[in-house]
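Okay, so here's the structure we're looking at.
As written, the chain order gives the labels A, B, C, D, E and F, with residue 1 at the start of each chain.
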Amino acid sequence: MNPETIIIGLTMFILACFAGAELISKVPPTLHTPLMSGSNAISGIAILGALLATGHPESFNSISVIGFLAVILATINVVGGYLVTHRMLQMFKK
Amino acid sequence: MNPETIIIGLTMFILACFAGAELISKVPPTLHTPLMSGSNAISGIAILGALLATGHPESFNSISVIGFLAVILATINVVGGYLVTHRMLQMFKK
Amino acid sequence: MSQHIINLIYLLAATLFMIGIKYLSSPDTAKKGNFLSMIGMGAAIGATLAAPEINGFTLIIGGIIIGTVIGAYIAIKVKMTAMPQMVGLLNGCGGAASALVGLAEFQGNSTGFTPFTLLTLLLSLIIGGLTFTGSLMAYAKLQGLIPSRPVTYRGQQAINGIIVLATVALSWLVFRDSTNILAISGVLVFSLGLGVLAVIPIGGADMPVIICLLNAYSGLAVSMTGFALSNNALIITGSLVGASGIFLTKIMCDAMNRSLANVLFSAFGKVDESAAATGEIPTGTMKGYEVEDVATILANAGSLIIVPGYGMAAAQAQHATRELADYLGEQGVEVRYAIHPVAGRMPGHMNVLLAEADVSYDQLFAMEDINDDFAATDVVLVIGANDVVNPAAKTNPNSPIYGMPVLDVEKARTVIVLKRSLNVGFAGIENELFYMDNTRMLFGDARSSLQKLLAALKK
Amino acid sequence: MSQHIINLIYLLAATLFMIGIKYLSSPDTAKKGNFLSMIGMGAAIGATLAAPEINGFTLIIGGIIIGTVIGAYIAIKVKMTAMPQMVGLLNGCGGAASALVGLAEFQGNSTGFTPFTLLTLLLSLIIGGLTFTGSLMAYAKLQGLIPSRPVTYRGQQAINGIIVLATVALSWLVFRDSTNILAISGVLVFSLGLGVLAVIPIGGADMPVIICLLNAYSGLAVSMTGFALSNNALIITGSLVGASGIFLTKIMCDAMNRSLANVLFSAFGKVDESAAATGEIPTGTMKGYEVEDVATILANAGSLIIVPGYGMAAAQAQHATRELADYLGEQGVEVRYAIHPVAGRMPGHMNVLLAEADVSYDQLFAMEDINDDFAATDVVLVIGANDVVNPAAKTNPNSPIYGMPVLDVEKARTVIVLKRSLNVGFAGIENELFYMDNTRMLFGDARSSLQKLLAALKK
Amino acid sequence: MMMKLAILKETEEGEHRVALIPDSIKRLSQKGFAVLVEAGAGSSAGYSDQEYEQAGATLVSSAQKLAEQADCVVKVRPPSLEEVEVLRNSSVFIAILQPALRLDLVKKLAEKQITSFGLDLIPRTTLAQSMDVLSSMSTIAGYKAVLLAADTINRFFPMLMTAAGTIAPAKVLVIGAGVAGLMACATAKRLGGVVEAFDVRPEVKEQVHSVGAKFIEVPVNEDGSGGGGYAKVMSDEYKQKQAELISRHISKSDVVIPTALIPGRKAPILISEEQVASMKPGSVIVDLAAEMGGNCALTQPGQTIIAHGVTIIGHSNLPSSLSFHASQMLSRNIEKFLLHLCDEKGFQMNMEDEITRGSLVTKDGKVIHELTSK
Amino acid sequence: MMMKLAILKETEEGEHRVALIPDSIKRLSQKGFAVLVEAGAGSSAGYSDQEYEQAGATLVSSAQKLAEQADCVVKVRPPSLEEVEVLRNSSVFIAILQPALRLDLVKKLAEKQITSFGLDLIPRTTLAQSMDVLSSMSTIAGYKAVLLAADTINRFFPMLMTAAGTIAPAKVLVIGAGVAGLMACATAKRLGGVVEAFDVRPEVKEQVHSVGAKFIEVPVNEDGSGGGGYAKVMSDEYKQKQAELISRHISKSDVVIPTALIPGRKAPILISEEQVASMKPGSVIVDLAAEMGGNCALTQPGQTIIAHGVTIIGHSNLPSSLSFHASQMLSRNIEKFLLHLCDEKGFQMNMEDEITRGSLVTKDGKVIHELTSK
C-alpha cells in the first residue's frame, strides 16, 4: 500500500465524514431510531470484505471458515437492518 | 490518465458535492452574500493550476505569459474575495 | 467484471447510501431512502461477486442464505418496542463481521503488510471485537436478560485500565511480528472483553446512546477494513456510518443534556450514592427531558389536554400556551383545557388569562366534566400546575390536601410537566406525579419552554 | 517537498475550506470561518510553490504581487452597496484564470492527451470563458455601466443557438486534433461570446442569482481543470464551490418563488409586453416578495415601526403581530407601533385589539407623535393598512382623501406591506405606496404571513 | 380682524359636556381666534375656569354678554328657543342640531339670519372623520352601554371556573353594528362576554369578526346598505325573517344592546314586548336608539324601567356620562371643523365644499339642509 | 331520620342573595336532606319559587313556620335579633355571622342553645376552598368594584387613538392584593386600564404580575404576612413609607380601589383626606373595606359621597348586586359545607376537624370561636 493510496483513502474518509455529519444533522428527532438502524444496515458493507475473504481461490481452509462466518454475520446485519428500518418507517405513514 | 485516477477523481467530486450542498443548506439567508463571496474566494484555487503552468522549467514562452496572466487573475480572485468577505462579515458584529 | 467497473459501482453504491440518508430526514421520503440504500447495497454485493478474485461460491451462497434467513426472521418477529435492542444486536453482527474479515486477512496474508495496513487491520479487529460484545451486552440489558442497572464493583476502573494496556501491548507484538497468532488471538479476546466491561457500568436508560455509539464504532471498523483492503467503498461507507453515528450520539447526549463522558463514565465512583438517591423514585429513567423529546411526543399525540396552573400565570405564558395549542390543533391534534377550580391564586384566574389570550370558551372544561377523559388521552401538558394535579389528594390520607378533588392527569398515556424545578406549590407538599413512569419533566420558565417547544415543533 | 506531503497539505486545505463554509452558517463564527478558509488557501499555494516542478519564480512572484495589489485595492475601495457586483467581478477573474490554465495546458502538452483529459480541458476552457464574460456583464449591469433592463431583440434565441452549436462543433475538431490552435481559439472566443449573450437578456434585479450561478460555474471550471491536471485539490475544491453555488442559486430562486429557468429565460418572447406592463410602476423590480426575504430584512433591521390597519383586525392577527414584535424586540430591534387615528372600522379599533394581545401602551404611538420618526427608521411593517398609509392624501389633490393626514411610511428605508392582494381599502382608491422602490409586498392573509415570518426568523 | 368665538355653558338637564376644552382653545388662539367662555362651562366635565383662562380664553359671566360680542357661538346640545333669542343676528352658530327633530328651532334660526351648522350633519367621509361627532359620540355610547349593562345585571360577564362552581359567561346580543355597535361588541368581549351581533348590512360581518364577535345572518338575500354607509328601510319578508331570528337569539341573551338607526327617521322597532318577556328575569336591554324613539317597543327614552323582569335602559345621552373624554373628543372635532370652515380672516363658507355644504342648516334667512327643508 | 334544612328569605335592605339555589337543593335532596324554603326567598336573585319546588323543596309561607320545623336553618346575612328569636332552641344555624362585630347576636345564639356556624370563619386552607365564602364573595366584590368605578368615572378606561384625539387610559390603583384585589386588577386590566397594585405581603408581587398588573413596592424590608396568608399589623416606619408611596401614586390615579383588611380588626386607614384632595376632580374611590370601616378616611359605609370632587363609593354589600351568580357561588359553598358537616344520619360535628372547629361559633350554650370569646 503506497502513500498515495493512503492519502486518497484519507481524503475520501474526511469528505465522507463531512457529508455524513451534515446529512445526519438535518434528521428530525422522530426519525433518529430509523436512522440509527438504517445506517447500521449500511455498515453491513463489511460483507464485501467477507465475500472477498470467503471467495478466495484456495478452497476450504481456516480463512474460508472465518470468511463464511463473516458472511453470515454481515448478511444478518444487512438484511435485518434494512427490514427493521422498513418496519419502523411503516409506522410513519399518514 | 488511467481509469482508476478518473474514478477516484469522480468519487471525490461526488463526495465534495454532497458535502458542499449540505454545508450550504444550513447557511441562513442573512449570510448568503458573504457565503457567495467566500466560496468565490475559494474558487480562486485555480491559482494552483496557474502556478504550475507559470513555473514550468522552460522559461518565458507563450505558456508562461498565459500562466502569468492566470496567476494575476487568480490572485485577484483570491485576495479580493477574502477581503470582500471579511468586510461584509465585519458588519455582523453585535 | 473489470475492477474499474466494480469501482464505479462502488461509487454508485456510496452515492445511493448518501441519498438514502438524506431522504431519511423527512418522514415523507424516508421509505424511499431506505430502498435506495438497499439498492446500493445490492449493487455493491453484486459487483463484488462478479469480481475476478472470487471463484468459490458454495460457502458464499450458503452464508448469504443462512444470514438472510436469520436476519429476516428476527427482523420480522421482533416487537416494535424491542427495536432499539434489535438494532444493537444487528450492529453487533456487523462488528463481528469486520473483526472476522480482519482475522481472515491476517491468516491469508501473514507477511508483507505495510505498517499502515497492519495498523488498520489491528484497529478493525479491536473495534470490531468490542463492538460485537458491547452490542450484545446492550441487547441483553435492554431485553432484560441481565439487570439493566449500572453494574459497578470495587477496582473496576483499574481492571478496565489493565485490559486496555494489555490490548495495546499485544497489538505491539503483532505489529512487530504479524504472524504471531497467539498475540492476534489475544488482541481479539481482550477486545471482546473490553466490549463487555465498557458497557456493564452503564444504566439501561442510556443504552440507546450506547447503541448509537457502537454503531459509529462498527462504521469505523468497516473503514479500517477498507484501508486494510484498499477498498474505497468500505472506506467511504464506513466513514459515512462512523461520522453519522458519532453525530447522532452527540445529538442524543445533547437531548439528554449530558456529555458523552457523563454517559460513559457516570456510574464509576457512584457505587454508594446511586442506591440511596433512588430511594422513593421508581425505575428512575425519568430525569429531565429536553425540548426536542417533548416536541416529538406532542407531535405524535392524537389527543391533548392542557392543565394550566399558577405557574402559567406567574410566567404570563397564556399567549404562548394558546399559540402552542392552536398550532397543534391545526396539525389535527384534539386539544382541550382542563381547568381546576382552584388553579392559580384567585377564583377564575385561569379563565381571565386564557380569555385574554383569546382561547375559545368551548375549549375550556371544568374538572368534573373532563376528569373521566384523562384515561383515554394521549398526552397531558401540565403548565405550572402542582397542587391541583397532586395524586396525594386521592392516595395519601396523611396529606394536608387529602380529599380535595384533583385532576386525574396521571391516568393519561403520557404526562408532560412544565415547571422550573421540583419545587412545591402553594400547599407546600411534594408531588409524586413528577416521579411517575409516564411523566416527563421539562424544566424551565413555562413561557420560554412553551416557545421553545413551538419552535421545535415547527422545525 | 515530496508530492505526498503536498497532497496531504491539499487535503488539509480542502478540509479547512469545508470547515470555513460550515462556520459561515452562523454570524458568530463566520469570521473565523473566513480566516480558516484563508489559511487553507495559503497552505495550498505554499505547498504548490514548494513542488519540484516549479523552478521559475520571477513571473510567479510578479503575478502574485500584481494580483494582490489589484485585488486588495478594489476590495477595500468598493462601497458596501456595490458588493454584489464586486463579487461578480472577482468571480470573472477566477473563471478567466481557469480558462487560461486550460489554454496553457493545451499549449504545453499539445499531444498525448487521453480523451477524458481532453474533454475536461475543453470544458474548463468553455466554462471558464463564459464565466469570465458573463461575470463582466453582470458587473456592468449592476454598476449601471450598461442598462440593467433585459436586452432582447428579434432572433435572439436563434443566434444563441447557433453559437452553442458552433462551440460544440469546434470542440469536436479539437477533440480530433488537439493541436488545432485555430479551433482552440475559436472555442475560447465563442465561449466568451456565449457569456455575454446569456446574460444580457436578464434583468438587473436577477443579477444576484446570475452571479451565484456563475460562481457555481467557476467552481465547475476549476474542477475540470483539476481533472485535467489530475489535481485532487482542484477537483474537491471546485466541486465544493460548484455544488454550493448551485445550491445557493436554488435557494435564491426559491426565495423569489421563481424557477431557475424562469430567471434565465424569462425575458425571451416578452419583448413587447414588458414595456406596456411597466406603465405606472417605476423600475419594476418590486414583484411579490417571499417570506424568507422579508424575514431577512426584518432580521437586519435596527428599528421597526409596525403600522396596523383594518386588515390586521379582519385577519385577527393581533396576537401574531405581538409575537413577531416581541421576538424582534428580544433580538434587539427597537419596535414601536404607529396607530393612525382612523385605522380600522371604529374609533380605537387598533387599541382594543392590541390591548387584547397584551401590547404595552408604551409601545403605541399616535400619528402626530411618530410621523417625524419614519425617516430615521429602517423598516416599516404595514399590516393590512391601506388608506391610512396612502401617500395620495399628501400628493394627489384629486384624490378623495387629499388633505387627510396619513402616516409617512414611505420615508422609511424599507416598507413591508402585508396584504392579500393589491385590492383597495375602505376609501376604494389605489395606493401608489405599493409600487414604490422601497416597498416590498408580502401577499397573503396577515395572520398566516406573520406566523410564517416568525417561523422563518426563528430558523 | 380677529374671529370672536364663544363657548356657551350647557343648560340641558344631565348634560355635562362642554363644546371646547382648554387644549383646543390653546391651539385656536394660536390660529388667531379670540375665545370667550361662559364661566363654569367646563366644570361639570372636569375642566376648571382657571384652566380656560390659562389657555387664553376670556371668561364671561353670562350667556347674554357672551352672545352679544361673538362672531361665532359653539355649543354641544341643540339650543332651546330662549337660547336662540340671545344670539346676535347674522352670527354663526355651531352645535349638534338634529334639525329634522326641531323644525321650529330651525325656523327661528333662519328668522334671525343666523348661519347655523349642525355637527351631526357632517358627511361621514374619510376626510371628515376628524370632525365627525357622530362617530366619536357613538364610540362612547357603545362603550358606556356595555358598562351600564354589566353594572346593572345580576350576573358576571366573564366565565369563571372556581371552587364555588363554574360561572357561565353572559350572552350579549348587539343589534346594529355601526360605530356604537362595534364598540359595544369589543367592550363586551373584553369583559369576557360571549358576543353576537346582527346588522342588515352584510359587509359588516367581517367588521364584527374583526372585534372578536359572532355575526348572525338573516337567511334572505337582501342588502341593507343605503347610501353613505348608512342603512336603508328593508322589505317585509326580510323584516319577518329578521324578527324570527332576533327572537331566537334574544330569548337566549342576558344583555341586548340595540343600536339600529336609519338617518332622519324614527328608529325601527326591532324588539317587541313578547320578545322582552321571553328573556330571563334579571336581563338587561340598553337601547342606544332611545333618543330616536328606541329599538325596543317598551323603551322609555330617558328612563330606566323594569318590564317582565327585564331592565330596559333608555338613557338618551350616554356620552354625557363620560363627560371628560366626551368633551375632549367633541372639542377636537369642533376645532377641526372650525379650522375647516375658516382661516384667520374669518369664515370662508366655500359652498363647493362637501363638508361645509353638508352641515349647513340655515344661512341668510333660508333653510339650506335638504332633509330639513323638505 | 331525614335532616330538615330550611332556607330563610333575606330581610336586610339591599340584600338580594339567597343561601341555596335550586341546583344545590336537587343534589342535597338526593343526599337525604328534606329542604324547606321560605316563599320568595330566591326571587330577587332570579330563582323562582317554582324552580325551588321543581328541585324538590317545600315552600313555606313564613319564616316562623319554617324555623319551627327545621333541624338546620341557613341564611346569607347575619340574622337580626328578632330573627334569632324565631329559631328553634338547639337547632343548627348557618350564615355569614361576623361574630366579632355582633357580640350581642352571638350571646343570644348561645342563650338559645343554638349550634351556630359562621361561613366567614371557615379556615382558608386549600382543602376548604370549595366552602370558602370569603373567597367567592371577594371575587365578586373585586369584579364589581371595577365596574362601579368605570361606570361612575367621567373617563374611558381603555386607551383609544381616534380621529378625535388620543384618549389616555385610566390609571387604576388597587391597594391590597388579596382575592378581591387580584380580581379587581384583572378586571381593570381587561377593560384597558393601567393597573398598579400594592400590598404589604411581598409574596403577592408575583401574583399581581400574574394578572398583568404592576406591583408597587415599599422600600422597607418588612414582611407583612401574618398567619394563614393574612396580613399583620405593620411597624410605624413601614406605615410612614407606605403612606408616602401611596400618596405619590394616589395623586396620579383616576381610580383607587382599596381592599386592605386585617382579620378581626377595623380596616386600616390607608387614604387620608389630603390624599383624596390630591386626586383629580372626577376620580373615583371604591372602598372594598367599607364594611369594616373603610380604608379611606372619608368613606361612609353604605353610601356614595363626593368629597373634593372625588366620588367615594362605600357600598358595603357589593356581592349582593350580582345576586344571581353570588347566590350560585354561595349555594355551592354552603352545600359543600353542609356535606362536610354531616352525612345522611345528621350532623357529625367532628371537633377534631379543622373546618368544623374553625367555623363553629356557639354550641351547647357556649361561645366557642376564639376571637369572639375573647
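Quick note on the criterion: a residue touches a chain if its C-beta (ideal position, glycine included) is under 8 Å from a C-beta of that chain, and two chains touch if they have at least 3 such contacts.
Everything numeric in this text was worked out from a predicted model, so none of it was measured.
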Subunit E reached from subunit B - shortest hop count over touching chains: 2
Joint neighbours of subunit E and subunit C, given as chain labels: D, F
Equivalent interface positions on subunit E and subunit F, same or different at half: same
Selected interface, D-F versus B-D, where C-beta contact pairs are more numerous: B-D
Whole-Å separation of chain centres (CA-atom averages), subunit A against subunit D: 41
Subunit C and subunit F: spacing of chain centres that average the CA atoms, whole Å: 57
Separation of mean Cα positions, subunit E and subunit A [Å, integer]: 82
Sequence positions of subunit F contacting 2 or more other chains: 129-130, 135-136, 139, 158, 160, 162-165, 167, 190, 192, 212
Residues within subunit C bordering two or more other chains: 14, 18, 22, 232, 236, 341-342, 347-348, 352, 355-356, 358, 459
Where subunit A touches two or more other chains, by residue: 8, 11-12, 14-16, 18-19, 22-23, 25-26
Those chain pairs that satisfy the touch definition: A-B, A-C, A-D, B-C, B-D, C-D, C-E, C-F, D-E, D-F, E-F
For the subunit C and subunit A complex, residues of the former touching the latter: 13-14, 17-18, 20-22, 24-27, 30-31, 33-34, 37-38, 41, 44-45, 48-49, 51, 53-57, 59-60, 62-64, 66-68, 70-72, 74-76, 78, 80, 83-84, 86-87, 89-91, 93-94, 96-98, 100-101, 103-105, 107-108, 114, 116-117, 128, 211-212, 215, 218-219, 221-223, 225-227, 229-248, 251-252, 255, 292-293, 295-296, 299-300, 459
Footprint of subunit E on subunit D - complex, ascending: 310, 313-314, 316, 341-342, 344-349, 352-353, 355-356, 387, 400-404, 426-427
Residues of subunit C defined as touching subunit B within the complex: 4, 7-8, 11, 14-15, 18, 22, 232, 236
Residues of subunit A that touch subunit C when the two form their complex: 1, 5-6, 8-9, 12-14, 16-21, 23-57, 59-60, 62-64, 66-92
Subunit C contact footprint on subunit B (complex, rising order): 3-4, 7-8, 10-11, 14-15, 18, 22
